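If you scroll down you'll find the structure; I have some questions about it.
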Amino acid sequence: MSHTEPSTLVVSAHAGDFVWRAGGAIAAAALRGERVTVACLSYGERGESASQWLQGKSLEEIKAIRREEAEAAAAALGADIEFLDAGDYPLLESQEIVRQLVDIFRRTQPTVVLTHTLADPYNGDHPAAARMALQARVLAQAIGVQNSDGSFPTKEDIIGAPPVFFFEPHQGEQCEFKPDVLLDITEAFARKQQAMECMPAQKHMWSYYTDLAVRRGVQLKRNAGPNLGLAHETLAEAYVRFYPEVTGVLA
Amino acid sequence: MSHTEPSTLVVSAHAGDFVWRAGGAIAAAALRGERVTVACLSYGERGESASQWLQGKSLEEIKAIRREEAEAAAAALGADIEFLDAGDYPLLESQEIVRQLVDIFRRTQPTVVLTHTLADPYNGDHPAAARMALQARVLAQAIGVQNSDGSFPTKEDIIGAPPVFFFEPHQGEQCEFKPDVLLDITEAFARKQQAMECMPAQKHMWSYYTDLAVRRGVQLKRNAGPNLGLAHETLAEAYVRFYPEVTGVLA
Amino acid sequence: MSHTEPSTLVVSAHAGDFVWRAGGAIAAAALRGERVTVACLSYGERGESASQWLQGKSLEEIKAIRREEAEAAAAALGADIEFLDAGDYPLLESQEIVRQLVDIFRRTQPTVVLTHTLADPYNGDHPAAARMALQARVLAQAIGVQNSDGSFPTKEDIIGAPPVFFFEPHQGEQCEFKPDVLLDITEAFARKQQAMECMPAQKHMWSYYTDLAVRRGVQLKRNAGPNLGLAHETLAEAYVRFYPEVTGVLA
Amino acid sequence: MSHTEPSTLVVSAHAGDFVWRAGGAIAAAALRGERVTVACLSYGERGESASQWLQGKSLEEIKAIRREEAEAAAAALGADIEFLDAGDYPLLESQEIVRQLVDIFRRTQPTVVLTHTLADPYNGDHPAAARMALQARVLAQAIGVQNSDGSFPTKEDIIGAPPVFFFEPHQGEQCEFKPDVLLDITEAFARKQQAMECMPAQKHMWSYYTDLAVRRGVQLKRNAGPNLGLAHETLAEAYVRFYPEVTGVLA
Amino acid sequence: MSHTEPSTLVVSAHAGDFVWRAGGAIAAAALRGERVTVACLSYGERGESASQWLQGKSLEEIKAIRREEAEAAAAALGADIEFLDAGDYPLLESQEIVRQLVDIFRRTQPTVVLTHTLADPYNGDHPAAARMALQARVLAQAIGVQNSDGSFPTKEDIIGAPPVFFFEPHQGEQCEFKPDVLLDITEAFARKQQAMECMPAQKHMWSYYTDLAVRRGVQLKRNAGPNLGLAHETLAEAYVRFYPEVTGVLA
Amino acid sequence: MSHTEPSTLVVSAHAGDFVWRAGGAIAAAALRGERVTVACLSYGERGESASQWLQGKSLEEIKAIRREEAEAAAAALGADIEFLDAGDYPLLESQEIVRQLVDIFRRTQPTVVLTHTLADPYNGDHPAAARMALQARVLAQAIGVQNSDGSFPTKEDIIGAPPVFFFEPHQGEQCEFKPDVLLDITEAFARKQQAMECMPAQKHMWSYYTDLAVRRGVQLKRNAGPNLGLAHETLAEAYVRFYPEVTGVLA
């Protein structure tokens, strides 16, 4: 595989996170014909399924429901999805998960990585996912680090140094989330909406994230200036870039 | 003038700053056929001309020498240059200079702005220049803010919201300079070298900024990953982006 | 006047700021029967009246319109308003304005002060207003600092050390706005709505600030926990507290 | 139990920390008739008992002494105390301790939580305790997270989102401790004094923490202003608030 | 004058600041036989003389009293003192004062500079003094910057780049004061005490600053380790170093 | 052993780090006749030996080569070296390694400790090494913490509180590396060069670190001022001091 073919890898702590927080970016990439893979570390079965627990569902039932929803949402966005079933609340950091992520990095050869912020006082699983994603990204670059089956990677297997973007957490200011990048998702939003509707138990989030897209769109236009021919109702998602940008042109 | 034609405005406190710190970006834009304008607030006649003072030159002589050098350097880079002769050491903030900068912003319609960092404990003129550049950039957007001749701007005169990049100061860590952007200047570097050579009194800077370009180039390659077909000796300049980036694609 | 009677002083750079950003806090205080005074430093005549300029109105006409709107909005909120007509874009810091603010602090004896954040890369008038408000607050405490008519204050004239809260700017993350305080404005919101409707030229702001109140309300509930009997649709405004809180009870 | 009955939970790394750092807050709550529970993770047997080690005491003897002292101090303050005996120097983070803390959170239904700062370069046990306290606070809110005996919680068992306050470390500036809250402990101080005297091996701390209370009291008065009828010698403790404050009134 | 002869310059906003905050460092230098000069920008006549205003004293009387006290305190510490009478509350930044400070820097050739922190939300005069001191320190290095009498400096007149230390403000945490340096003032403290006693109107400060010296001394010993033969009651002052340290030995 | 005899302990994640980053400080101490010990946690066998993996060498061969090179480099610098063989990529934090480090701290009684920064987004092994070094430094001070053989330390065995310096990472700005200390290594540099040449596989680093020494030397001279009689080509290394400096003289 050529390493420069666009490929997006999303590392999501729970089964809903990639939809709410990065659905626009995912759909936009898929609409451009690019490959997107979601690595879903847990189903959010304990911490983000309160209504199902209150209905008396069992752990296995809840995991099955959440998995199905996430698969439908990924399909709506145009992404592949893999489940690592690593448990949530807490999602514990382990070398076992990191190794699986190393395999996924090498298999998908991402040119862009999306994951959670490194701080989140409301949910420790999010930074845990981010820390593991970042660790795997570094390990997957090293030819001396084995694949999880014990074999050594070839020169083609190891990855480059893809840029990492943190997606927007729920209470951004408490998570030190100061957006570096405002991504235009106007055209991709219909798909994000469809994906959100695959999560019927969190209906209140639909309008929340639609409003947020409007608000980020207003900011995008404010930062772009008035003369760029942007849509009247531009919609956007916000990201924080972790590594410096590499570019040939300032813009 | 169409507002979306690329145009770079560089606001430089002294007559050498734009060469050492942004010469690569300027030359690269010029090589792409874009317009670049340097607004040079002072000649650096008091604070950055020690050797000439020691030779017993007068203030006016020193200003003339520095102006000539700066003109030659701008020509080598392919940029226009304007001198505001606002004085240095200290460069005092004033509404008079801000108004002149508003005029320049409206006249040049920049799509990119380059200036100094907002902190510099070694040289107060640099942050003063940055503060005035940022103030003028906001004022120039407002249709209710008059031009310096008292006339009101038309809808075409006012500017959009061009991104601002801070260029690298001499002791970056003490100036809270954490690069967001590494700019490939490999092809433009020959021109930067020529421009540096227009400043013979600061010969020791030539190798300093060549080494820095090498070091930033190493970082660029490290952040880009190994597979992008970059030149063996990639050269780079580092920048800090002040406003969030607006984009259609994460990359 | 007893110094412990509740009194809120709002220092607003332009004629709209106090409505959008602190309208809920103002209305809530007024509904509790407390005195609220808005010190409005400028009318926002140059920087925040683009549509009127485009209609060809004169500076004096625009100022008159904005004043009228602000008076109506203040009345709707239940607040007094004073105009300092200090000019905008730029609002220049001056000892003249600071002195007038010292007089207002001493006259109104605030127990709470609301103003802008100290950073705002989109609008330099906002931090300028905040810096002058903070300076006046310190000077008004000193018995050796004269009133603007040259007389010295009595022991009753000088003020205590009222807490200061920064209200929410438009692009909070770029202004280092990390909320310390989420204020429940559910009951006061109807008045804020009325006040917003006194600003017909900025109709797009009405829904923007309604959405923001919803979003801050969701956060308020998330931070309060589920068991406090809060309204289903709680509405809130966010603030940053500048000085440490003084209290008899942790809560 | 009604969730809104005031209840304070203090998570203390070692057997003395809650006395020196939060004794005033604990005593004040107890004096108001509220329930206070101290979860004491270790006895400080290795790291904070140097004089006993030098006397040749055994580990078990030291733990017994420290436990007795802590019980006496808690009694003097009016608090319940529970010992988790998790070891110190280092206090290792573990899911086992976190689970026990989840149980305690659910049992005590805290409306206020006090613990250590998240940074302390002089003592790694303190941030470890804080991280576990914060993790348990989040997990205890989730209906899908089991109690440590494997049973699932009822809707009444899970907790709300109590505010968290970090108490003052020994070298605050090195621990990023910037106080948000100054708590008046003037009336409670006699009890804190009694509690401190239950720790005879650390006699030098008695005057240290008395002086600190005076100093924080001076700051409290400076921040409150002169007109509030505060005691001449007001005594205070300082805290950092971790989550935004939720309130109906700015004050 | 040889530039390497030790010389300390203290830039103090008001007539008391150098005593409370840097009295130990000043006395210690004087005891080592070194020259110390205090540049006292104002008498603190408006902002720090409340009791005298309440006694009905006039501005001139107050300035005379404060001057006399400051002279006595400087003498007790072993320092020279110069008064710039620039006014306080507010102390306004001006090029006039900066120029006078440039002269003082060139005349005293400091090898160490002490001044206020750059942030102080309780007193804007302090950061104003610091900003002017830092500006003068840079200007005084430039051979192209004239003395205040219009003459140009010789190569001997211009200064090197002396290290700058910020002394401890009253509410350090609110002023971003994170100590870099703990200075042992045990032997110099008797002189500091004498100097403090020259300020009878602020008697409550005497014990406040004695307690602070004890507390900083405890920290000094904690950071030095137990084996350095330090005095039982070591006393200290805390400082923040503004520029990086230059050294031949790590210690 | 007297505790005040100078002794430097360097905790290095991989077999090359101590050479590139602290070789000057090590050689300078050795040239002064002081003892220096390098605790080398891993050989960098997986993450920093890409060329050897590409040559098809086995893990054990690579470790042997790296060990030999590190021994030669340590000898060239004049330091002792110990290998903990804890593995790299990832270097996992463990109590086992921390305990071994506690033994080394007690055995070598360091008066200065050098290690990695606490943040490094390019290499997680570096902060892991730093965290373990800092933890061991605290534990080694406690008389209640056993040696790794289970014995208790005597009063002579436990250490003081040696200052810690972080050495310069590869992309400093991304690692929050803001130098506090610039160390003159001009005389020691020849030895550092020799040591670097013991690492032939990383030949490109030789010139990189020579250039860096030049650049840090320029900064050292800029911060020292012109009058100190420094060598024309002063060479330097940069460090961040973790704990406050303890001193008797400000300089």
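The first chain written gets the first letter, and so on, giving A, B, C, D, E and F; residue counts start at 1 in each chain.
Just so we're on the same page, a residue touches a chain if its C-beta (ideal position, glycine included) is under 8 Å from a C-beta of that chain, and two chains touch if they have at least 3 such contacts.
All figures in this text were calculated on a predicted structure; none of them were measured in a lab.
Student: Could you pull out the chain whose C-alpha mean position is farthest off from that of chain B?
Tutor: Using the mean of the C-alpha atoms as each chain's centre, the farthest one from chain B is D.
Student: What's the rotation angle, in degrees and to the nearest 5, for a C-alpha fit of chain A onto chain D?
Tutor: When the C-alpha atoms are superposed, chain A turns by 120 degrees onto chain D.
Student: Given that chain D and chain E are copies of one sequence and touch, is their interface built from the same residue numbers on both sides (over half shared) or different ones?
Tutor: same
Student: Find the pair in D-E, D-F or C-E that has over half of its contact pairs, by residue number, in common with B-F.
Tutor: That interface is repeated by D-E.
Student: Would you kindly tell me how far, in whole Å, the mean C-alpha position of chain C lies from that of chain A?
Tutor: About 38 Å, centre to centre.
Student: So the centre of each chain is just the mean of its C-alpha atoms; given that, what is the distance between chain C and chain D in Å?
Tutor: About 37 Å, centre to centre.
Student: Suppose each chain is reduced to the average of its Cα coordinates; what separation in Å results between chain A and chain E?
Tutor: It comes to 53 Å between the two C-alpha centres.
Student: Going by the contact rule already set, what residues in chain C reach two or more other chains?
Tutor: 122, 174, 179, 219, 222, 243-244, in rising order.
Student: For each chain, which other chains does it touch, given as pairs?
Tutor: In this structure, the chains touch in these pairs: A-B, A-C, A-D, A-F, B-C, B-E, B-F, C-D, C-E, D-E, D-F, E-F.
Student: In the complex of these two chains, what residues of chain A are touching chain B?
Tutor: Residue list for chain A touching chain B: 3-4, 8, 25, 28-29, 32, 111-112, 114, 141, 159-163, 165, 179-184, 219-220, 222-228, 238-239, 241, 243-251.
Student: List the residues on chain F that touch chain B in their complex, please.
Tutor: 122, 170-174, 177-179, 208, 211-212, 214-215, 218-219, 222
Student: Using the touch definition up top, name the residues of chain F that touch chain A in the complex.
Tutor: Chain F reaches chain A through residues 45-47, 49-50, 53-54, 59, 62, 89-90, 92, 121-124, 174.
Student: Which stretch or stretches of chain A touch chain F in the complex?
Tutor: Listed in rising order, the residues are 95, 98, 134-135, 138-139, 142-145, 152, 155, 242-244.
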